[in-house]
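Each of the next two complexes has subunit A plus one other chain: subunit B in the first, subunit C in the second.
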Partner chain A sequence: MELKDKILSSYVAFENEMDMNSDIHEIRTKAFENFEKLGFPTKKLEAWKYTSLNPILKNDFCILPNKEVSVDLAEVRKYFISDIDSYKVIFIDGKYSSFLSETTHDTIDVCLMSAALTKPKYKVVIENYFNKIAKQDNLTSLNTAFAKEGAYIYIPKNVEVQKPIQIINLTTGAEIATMMQPRNLIVVEENAHVQIIERHQSLNSNAVLSNVVTEVFVGRNATVDYYKIQNDNLNASLVDNTYIEQKTNSEVSVHTFSFGGNITRNNLNFYQRGEHINSILKGITIIEEKQHVDHHTLVHHIEPNCESHQDYKGIYDERSTGVFNGKVIVEKEAQKTNAYQQNNNVLVSDKATVNAKPQLEIFADDVKCSHGCTIGQLDDDALFYMQQRGIPKKEGKALLMYAFANTVLDSVKIPEVKKRITKLIAQKLKVNIGFDL
Partner chain B sequence: MKYTEDDLKEELKTKQYEYGFYTDIESETFAKGLNEDVVRAISKKKNEPEWMTNWRLEAYRGWTKMKEPEWANVKYQKPNFQEIAYYSAPKKKPKLNSIDEVDPEMLATFEKLGISLAEQKRLANVAVDIVMDSVSVATTFKKTLAEKGIIFMPISEAIQEYPELVKKYMGSVVPTTDNFYAALNSAVFSDGSFCYIPKGVKCPMELSTYFRINEGGTGQFERTLVIADKGSYVSYLEGCTAPQRDENQLHAAVVELIALDDAEIKYSTVQNWFPGDANGKGGVFNFVTKRGLCETNAKISWTQVETGSAITWKYPSCILKGNNSVGEFYSIAVTNHFQQADTGTKMIHLGKNTKSTIISKGISAGKSQNSYRGLVQINSRAENARNFSQCDSLLMGNECGAHTFPYIEVKNNTAQIEHEATTSKIGEDQLFYCNQRGIDTEKAIALIVNGFSKEVLNKLPMEFAVEAQKLLEISLEGSVG
Partner chain C sequence: MILKINNLHSEVAGKSILKGLNIEVKAGEVHAIMGPNGAGKSTLANIIAGREDYEVTQGTIELNGEDISELAPEERAHAGVFLSFQYPVEIPGVSVTNFIKTAINENRKARGLEDMPAKDMLQKIREKSELLEIDRKFLSRSLNEGFSGGEKKRNEIFQMAMLEPKLAILDETDSGLDIDALRIVANGVNKLKSKDNAVIVITHYQRLLDYIVPDFVHVLYDGKIVKSGDASLALELEAKGYDWIKQELVS
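== the complex of A and B ==
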């Protein structure tokens, strides 16, 4: 049976379990109809020109995983940032693990989407925010149709959250192939400040396709730091759809570290609804074998005096392919916009491929927008210089690549995350050095 | 009374397309519509050999199966292809040896355009192959060229006189099935220019054609084929203006360049077709397919200044097939009022050590939309390929738009690609600086725009550079206040 048909028939079973009278039901039904109409994206769509999902859609995915599997903390601890105190919302095969998690309702809410969608206490927030900025495209609609579980984070006015929040989705591989639809909602009110770390990890080599949707609403003067760590195994694919709406004077930065996975597609969308907003999008991609990473960003400048900064670095080895498709739209009201976009790539092997499409659509005249895109190699002279001074070639190369990616790493604000990423980079570049020379 | 900017604005709003006039030359026009019989009739009219007729028919059959492309960032009322007359030729078809024999009315037309043939012949050392409504009526300097063995003639004559060359190369770079408009052109093209430069010959003068669209309701389908044999060099100019007309006019040309080993072709275009009036009424639809093929060590350089047309859909491209071949693209696209331009280039790197440079300057004013769309593709065997792209946009006013759609596809790790794009407006401080030094705002803007476009203007041959500079000023007048 085709995957799409399987999904369509699973939906009936899924709906039976859900409350048919809730307001969400209508949203779900509409999204389902939308997916039914659109189906999975194909390469014929301009947005999916360079990424084909076909190879992974052949898997016989289990749509509604139902097995209860417990995992050992010792086994999965390494996937957490554990050397700092943090809130944790952890899911195993899409089910909340109260044993591993650490949630709170003390002034802030760090809890579950399933609770938020059903309990009356959260009704107002859900009504105001749920599915309000998510696009009505095929995969987001698919997620909305099956939206049930995920992280729900609500930070009220003037609260500075003292410790970071980790959202971790673990897949045990209890089924031969699993499809996940995590749905997160993050609301950060005026003047609040929060740091979030997100990770998806599968625990064995069975195929996984995670289709994640995260909506983030950021109030006036609020600050959000979001870190996405993607270092999954070769059979795990991820489609990450993140939608961020910002109000006046807010600042949001999203760092995406893509070090692994089969096909990774990051749809990162920023909507600036207010003035003096700053949006920061940064990423490091280091991949090998036949991995594929596609960064698809959108920054929509709607009002005047805002800024956006994009900086994506990619290092591609073996037969890997990288895609960068960055789009900046500046509406005609959005005068005095400063939008910068930078995408630099290094091809390490002669089989690796990079496709880049940095795109600007500008309707205002008093703006400063630029994009730069380079594809090249490491500087042989610099490498030679290091070898002269006794640094072996491999380590020298790694140092150069680390330096190349460092502009992104520099702006990571949690030292422990920085340490972890540095370690991962060393691991990816197969060297055993600390880089903090 | 003081002459204010508002006065200027008013004056410019009412300023009409200067080159809008209509020459009354008797012409023979086919009935509107397109089918196999029309294609056959065109072919027969031109007295073409059978292989040519079949080639056209094949293209026509391919075309009927194709759909109009919709991916471009332009919006327009699609032309009804059955409402167009596909052939129109001045009835008096003189074969002239000297300028005196040309229809005086036509000469007057060119006089108005400021390209006095007589003057050019005397001063500019330019051989002009004038195309008026699809059929060439005058060819100059033919004798000088003939001495060098250079063939420069209307393509319809080349089909008769050099069928082998035409057969070998026509459609080799832009196949009949390439795209909707190329297929249409292949089926119905009425005339165009053919140019062959023999081995090792450096063409002593700039070759040039002027295209004009004249007869009401006729589309113009030009076909240009330039072949530079081993080690030769040619610089080719193409420039255009069109009379004003309310009904949208369709122009779907095909240009094929072939640069064999060590050859170099420089192809420059100044395009100033009727862009529609200030309300976006009328104007030419310009859907052009231009492509060049470079063999080993060859070089093709495209330079274009696009100021006209209501819709521009044009991507002069280079296929860098041979090792060490070089492709260049220099472009200025200016849009004003309701004009829409979607233009750029494709650089396909196939050979080793191939190089390409793209410099694109877009200037949008009024309510226009200006897009750069380009592709740089490095194939896996193209070792040490090098590309540098720069696309800058200048916006005037907040009702226009500038867009860039660069596609970069790299499959080889020795490639070095740089791409940068900027969008900006004319800085207040820049204007202030000029004003301080006694340069008025209008002049200052012309100065800044000129500076912005300099990199591309410099690439144009002398005769064109002056004309192009003038054009830039005319098309941007009144767009800033």
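== the complex of A and C ==
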């Protein structure tokens, strides 16, 4: 059976377990019809020109995994940022793990989407926010159709959350191939502040396709720092669809660290609904073998006096491939917009490829928009200089690559995350960098 | 004998640059190599340091009696070769301090030593930066990024002071320096001189040699050392230019 047919028949079984009378049912049904019509994206779609899901869609995915598998804390602890106090919402094969998690309802809600979608006390928030900014495209629709579980985070007005929140999705590989549809909703009200760390991790080499949708609503004067750590194994693929709506004076930064996986596609979308908004999008990609990472960003400047800053760096070795497609739309009303986009890539191997495409659609006339893109090799002069000082070529290369990626780490606000990423980079570059740059 | 180069021939991109160069440098000596543009001065510096784009087609380079011509640049550095670059490279994202720490510890690793204790490292950095009159703030800046010409050259000699090489080659270290920076750099080099190491100064002009007084002066012309003498030869070159040497060669 084709994967799409399998999904269609699974949907019937899925819906049978759900409350047919809820508004959510209607949203799911519409989304399902949409996916039924659109199917999986193909290379014929402009947005998927350089990323083909075909090779992974051949897997016989289990659509509704329901085996209960327990994991050892000792075994998975390394995937958490464990040296800080944090809230944790942890899922194993899509099921909430109360044992590993640390949730709260004290002032803020850090809990489960399944609860938020069904319990009356969350009804208003769900009505106001659920599926309101998520696009109606193929994969987001697929996720919405199966939307059931994920993290639900609600930060009321004026609350500064002191501890970061970690959202971690573990897949055990209990099935030969597993498809996951995690669905997160994050609502940060006026003047509130929160830091979020998200990770998807497969625990063995069975195939995984995670199709995640995260909606983030950020109120006036609120700040959100979001860190996505992508360092999965070679059979785990990820499509991350993140939609962020910001109100006046808010600031949101999203750092995406893509260090591994089979196919990783990041669809990161910002909608600025207010003035004096700042959106920061940063990324470091370091991959090798036949890994593929695709960053598709969108910043939609709708109102005047807002800023956006994009800085993506990539280091590609062996036969790895990368895509950066950065779209910036500046509406006619969005005067005095300051939009900056930078994308720099280093190809370590002759066989690695990068496709970079800045896409600026500017309808206002008084704006500052800049973009820059480079694709190059490591600087031989710099390498010789280091060697002349006694630093071997391999270490010199690593140091150069590390320094190259460094500017992206400057803006990481959680020291433990910065330390972890530094370590991951050193690991990726197979070198022991004995200091912080 | 620190350095012994015998009948060195080299090519860059198929073009013959050095054509049978000989030089011997003993411990405790300062040698100046002068010559017109295109004579092969920088090529010589790069070849001794082991730059891969320069091909040695004939001849030998010995450091302390060992042939180093097959060694990688870092191995030559470990053996005690230091090149002060004519155009030091900018490396954004790596601070001067972290760079020199890494370099020192890589050199120690090559000799089977542990990393230098942090306390000793700091002490040494303080001492050597004072010698070169380098501001503390300067040390936390990215290596050579946005440095003035003078700062770049001072930073080169600072690294030399930290690494304590057996053989230091100063490639046009005086270019781009004002008189104060020149004095500081020369003073640094003079303080680092000892009976166990040697310095080769490559320069166009006599100016630097007022401060770093050479024991020997060589004229490099068309890929060969065509004339050698003491410090007075530099003064003669300054006064008369290189044409008389060319004429001497023709006749």
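In this section, the second predicted complex is superposed on the first by the 434 of 437 C-alpha atoms of A that agree within 3 Å, B and C clash if a C-alpha of one lies under 4 Å from a C-alpha of the other, contacts with A are read in each partner's own complex, and residues count from 1 in each chain.
Definition applied: a residue touches a chain if its C-beta (ideal position, glycine included) is under 8 Å from a C-beta of that chain, and two chains touch if they have at least 3 such contacts.
The shown structure was predicted, so the numbers you read here are calculated from the model rather than taken from an experiment.
Legend: residue contacts after superposition of the two complexes on their common chain; A:Asn66 is shown touching neither subunit B nor subunit C. Once the two complexes are overlaid on the shared chain, A:Pro392 sits against subunit C while remaining clear of subunit B. When the shared chain is aligned, subunit B comes close enough to touch A:Thr353, but subunit C does not.
Legend: residue contacts after superposition of the two complexes on their common chain; A:Ala403 is shown touching subunit C, with no touch to subunit B.
After overlaying the two complexes on the shared chain, residue contacts for A:Ala382 are found with subunit C alone; subunit B is out of touch. Within the superposed three-chain model, A:Ser9 lies out of touch with both subunit B and subunit C [touch as defined at top]. Judged by the touch definition given at the top, the superposed model places A:Thr107 against neither subunit B nor subunit C.
No residue of subunit A lies in contact with both subunit B in one complex and subunit C in the other.
Residues of subunit B that touch subunit A in their complex: 71, 380, 393, 395-425.
If you check the complex, the residues on subunit A that touch subunit C are 379, 381-382, 384-393, 395-396, 399-400, 402-404, 406-407, 434-435, 437.
Of all the residues in subunit A, the ones that touch subunit B in their complex are 46, 332, 335, 345, 347-377. If you check the complex, the residues on subunit C that touch subunit A are 49-52, 72-74, 77-78, 81-83, 85, 88-95, 98-107, 110, 115, 159, 163.
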